[in-house]
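Quick one: the structure is below, and I'll ask about it shortly.
Labels run A, B and C following the written order; every chain starts at residue 1.
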Amino acid sequence: MTETGEEPFIRIEGITKKFGAFTAVDNVSITIDKGEFFALLGGSGCGKTTLLRMLAGFETPTSGRIFIDGQDMTDVAPYDRPVNMMFQSYALFPHMTVEKNIAYGLKHERISEKEKDERLRDMLELVQLTPYATRKPHQISGGQRQRVALARALIKQPKLLLLDEPLGALDKKLREHTQFELSNIQYKLGITFVVVTHDQEEAMTLASRIAVMDRGVVRQIGTASGIYEYPNSRFVAGFIGSINMLDGVVTASENGLLRLDVPALGMTVDARTDRPVAPGEKRTVAIRPEKIRISREPPPAGQPNCLQGVVRDLGYFGKDSLYRVVTDAGAVLSVNSVNDRRGGEGERVAEWEDRVHLRFDPGAVILLSE
Amino acid sequence: MDRHAEVSPAPSVISRWFNRDGWRQLIIATPFGWLFLFFFVPALIVVAISIAESTRTSPPFTFLGEWPYVHLANIERLFTDTLYIRAFATSLANALMATLLCLLLGYPMALGLTRVQGSWRNILLMLIILPFWTSYLLRVFAWIGLMGANSWFNRLLTAAYNHLVPGPAVDHLQMMNTNFAVVLVMVYSYLPFMILPLYANLEKLDQTLNEAAMDLGSRPFRVFLDVTLPLSIPGIIAGGLLVFIPASGELVIPSLVGSASDPMIGRVISDEFASARDWPMAATVAIALLVLLVGPTMLYSYFENRARNRLEERP
Amino acid sequence: MNRPPLFLYSCLCFGFAFFYVPIISMIVFSFNRSRLATVWGGFSTEWYGKLFHNPQIFRAAWLSLEIALVSATFATILGTMAGIAMARFRRFRGRTLMSGFITAPLIMPEVITGISMLMMFILMAEWIGWPSSRGFTTITIAHITFSMTFVTTIVQARLSSMDLSIEEAAMDLGSKPWQVLKDVTLPVISPAILSGWLLAFTISLDDVVITSFVSGPGTTTLPILVWSKVRLGVTPDINALATVIVLIVTVGVTIAGILLQRQESRREKDVQMALRSGG
């Protein structure tokens, strides 16, 4: 139930799926609003695909219920659900042309031929495949096949569209293009999308909300920035992007400002928090590499969270560089810095074996209790 | 090689030939030569004899020495003598019926096999192939025992017949020496040839295609009609021809369980040759049978090639 | 939705009953006391006694085995050569003709193959005096001819699914093409060659039609013997013979199956170990 007391569009309620002794999905509850682009994100074997297949109706949950638009769908057969799916392999019918594939969902539906034709034409237009309508799947490119699969799943105007690794089979250039296309189509049609992916970038650019799954359990649900900037566990913090994690003990707490003793850095770290924490409690101090500022010059005096170290390793990625800095206390920190200058002195912030100063904001520090 | 080189300083002509291209020529020429000698030449002989005239000489034929060189009487007999026309009709009807029945029984069996789990499936496949390894004649023999008037099987069927069909009760069902028996035993003998290619085809089908069709609103039987059936047509054609081709030229089964008054074409060829000693007629009928089989065979290789090309086209 | 496909399973059950009821019935009636082969007259093993004291059957079985061994071996050699030629030598004169030679015997009705060979043997005997009589040699030649193309199909299929790069690697490491064939290709396809041999062996052992044309009066193979007995009517000792053959085949296939399964599970274990140690 949402705060307003209204029934959410999709309600997954305590779903568990066991295969023999193995629990693929463990008591998962999620609500998804109408028109949302929702992502299930996790590594292989985390249960995301099983959850998706239960939404489609290919697997029956061991326990729990699934409601779509207020109706209990748990025991409804896949062919009777207002849900369509875009398969990872696309599963295009090899013996049918592009238009036959797309129109397949309407073939046995009781609507006029005229409307069928119209909807087919609209779909072909939407995915820009009109010139390829009479080709067979093996005569078109991978990106075109992906769009056929999408159009085929959309033509029945489902209440919910499921996408299994929709960009997985495309190369990098095509992925970026297709990501935006997918978002556009979703926005245009207003259909609720649930996408399964193991690729965090894909999830973050596509989805309005993300559920991070691990070993059959949902670890965190939130917006892309919410999950990235405010992870709730070491697992989520480590799974999304890269991060420096160090153990610390709270020594002082005052007005949302904490001071922690971090032995690995040989110093105290200031951190901001909106939750009350008592001195003596243990916390993991986590900092994203790009939140640490690196410089050869010492920072102005009186700044919190300053330390020094030596660049041991350096990776140049064009738009930014990644430094691995050994601090004086011996800990290794990853630091990311944008290469915003070109030519001359200071093109790169530091070189190998350079002595550098590091600094980060108290507000950038993530505190994890797990 | 090196030791050989020490003995004779210059490599011999033969070894040079062998190393350059000879080994390839040997590999090509040996089997080619064998098939030429023992397959192609006999086939040519049959063609030649088919245009000769049957005589009481040894060998029992002579070629016409003058124009038109071709003795056409045999071909004329082929199209006028009811013996041959009936034999061809019977062969075609029996072979088609056997193929159809094999398909009707074999298709659901092959499809069922793809739904059976792992190790059980291997055991069942083994059980389908197993009779193939036992003697073919003995399998025909088993049915002779079952179809005999006194056998438990015939009595069972007779009882069922008397129970189901109104009218005077019959003493036993006449099964032996009928076309029914021929078709039944051919189905029994050739069913594995239908099941195995069909199974190989159905097993390769992508299960997610079925899921996709179901996801788009098709019930299981519709999924079968829309997806499984059209994609298994190559398997149906392969299995069908593997049954139809040997069935149409079958000799053993009609000789043992078929009716003598209504022979199949294989029997006719054999009888013309052995009993009537009419070589030219036997050769003519044989060629007619071959011509009949050319069509289906071309069809088969056409589909095979198309399947292969499609496989290669796929990126 | 995962409810078992009842219709398919009942077809499977019916099909297997269809396959095995005649065979089981034959086995049961091999222990029949009655002379009437299909009417039960009490338990007896007398037909087995008759069978084992019939030297004719042993002689025929031995001849069949000899012919099958020789013809399968030659058919395998010739068939493998043809398979290599078709799969590896892309372009040579007569390739199309050869592929016709290879597929034609597969679809040629046995009656025609048998008659054409017999006609040729008779004519050869008239013209060049060989073969002077028909028997072991003519049967073996016929069996080699029609079973070698089966070997070719198996070998060709295996070769075309084989990774070409390992042969290229051997060539890259300095082997001459024919040495590559000997050192790399043949060992890799040896299971296919073996199964080709087995197929040729069983085809030869089982053949009636072609053998009946090209055999002479003195040479009776086991199928020919059975054929002549069965034509005269149902005789119970054939039931006993069938039972013995079914027993031999079942034992053989079961042992082969167990060996294959063991090999498979060992390979699976090796692969798992390799994966684990590799990361």
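Note that contacts are C-beta pairs under 8 Å (C-beta built on N, C-alpha and C of every residue); 3 or more make two chains touch, one makes a residue touch a chain.
These figures come from a predicted structure and were not determined experimentally.
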Maximum inter-chain contact count - chain pair: B-C
Farthest chain (mean CA position) relative to chain C: A
Distance between chain centroids, defined by C-alpha means - chain A, chain C (Å): 58
Centre-of-Cα separation between chain C and chain B, whole angstrom: 16
Multi-chain contact sites of chain C, meaning residues that touch two or more partners: 1
Contacts with 2+ other chains: residues of chain B: 214
Per-residue multi-chain contacts in chain A, two or more chains: 57-58, 77-78
Chain B contact footprint on chain A (complex, rising order): 56-58, 77-80, 83-85, 87, 89, 91-95, 104-105, 107-109, 138-139, 142, 152-153, 156
Contact set on chain C toward chain B in their complex: 1, 4-5, 7-9, 11-12, 14-16, 18-23, 25-26, 29, 36-40, 78-79, 81-82, 84-85, 89, 92, 94, 98, 101-105, 107-113, 115-120, 122-123, 126, 141-142, 144-145, 148-149, 152, 176-178, 181, 202, 205-206, 208-209, 222-223, 226-227, 230-231, 234, 238-239, 241-242, 245-246, 249-250, 252-253, 257
Of all residues in chain B, those that touch chain A in their complex: 206, 208-209, 211-219, 222, 226-227, 230-231, 310, 313-315
Footprint of chain C on chain B - complex, ascending: 18-19, 23-24, 27-28, 30-32, 34-36, 38-43, 45-46, 49, 58-59, 105-106, 108-109, 111-113, 115-116, 124, 126-128, 130-131, 133-146, 148, 150-153, 188, 191, 195, 214, 245-246, 248-252, 255-256, 266, 269-270, 273, 279, 282-283, 286, 289-290, 293, 297, 301
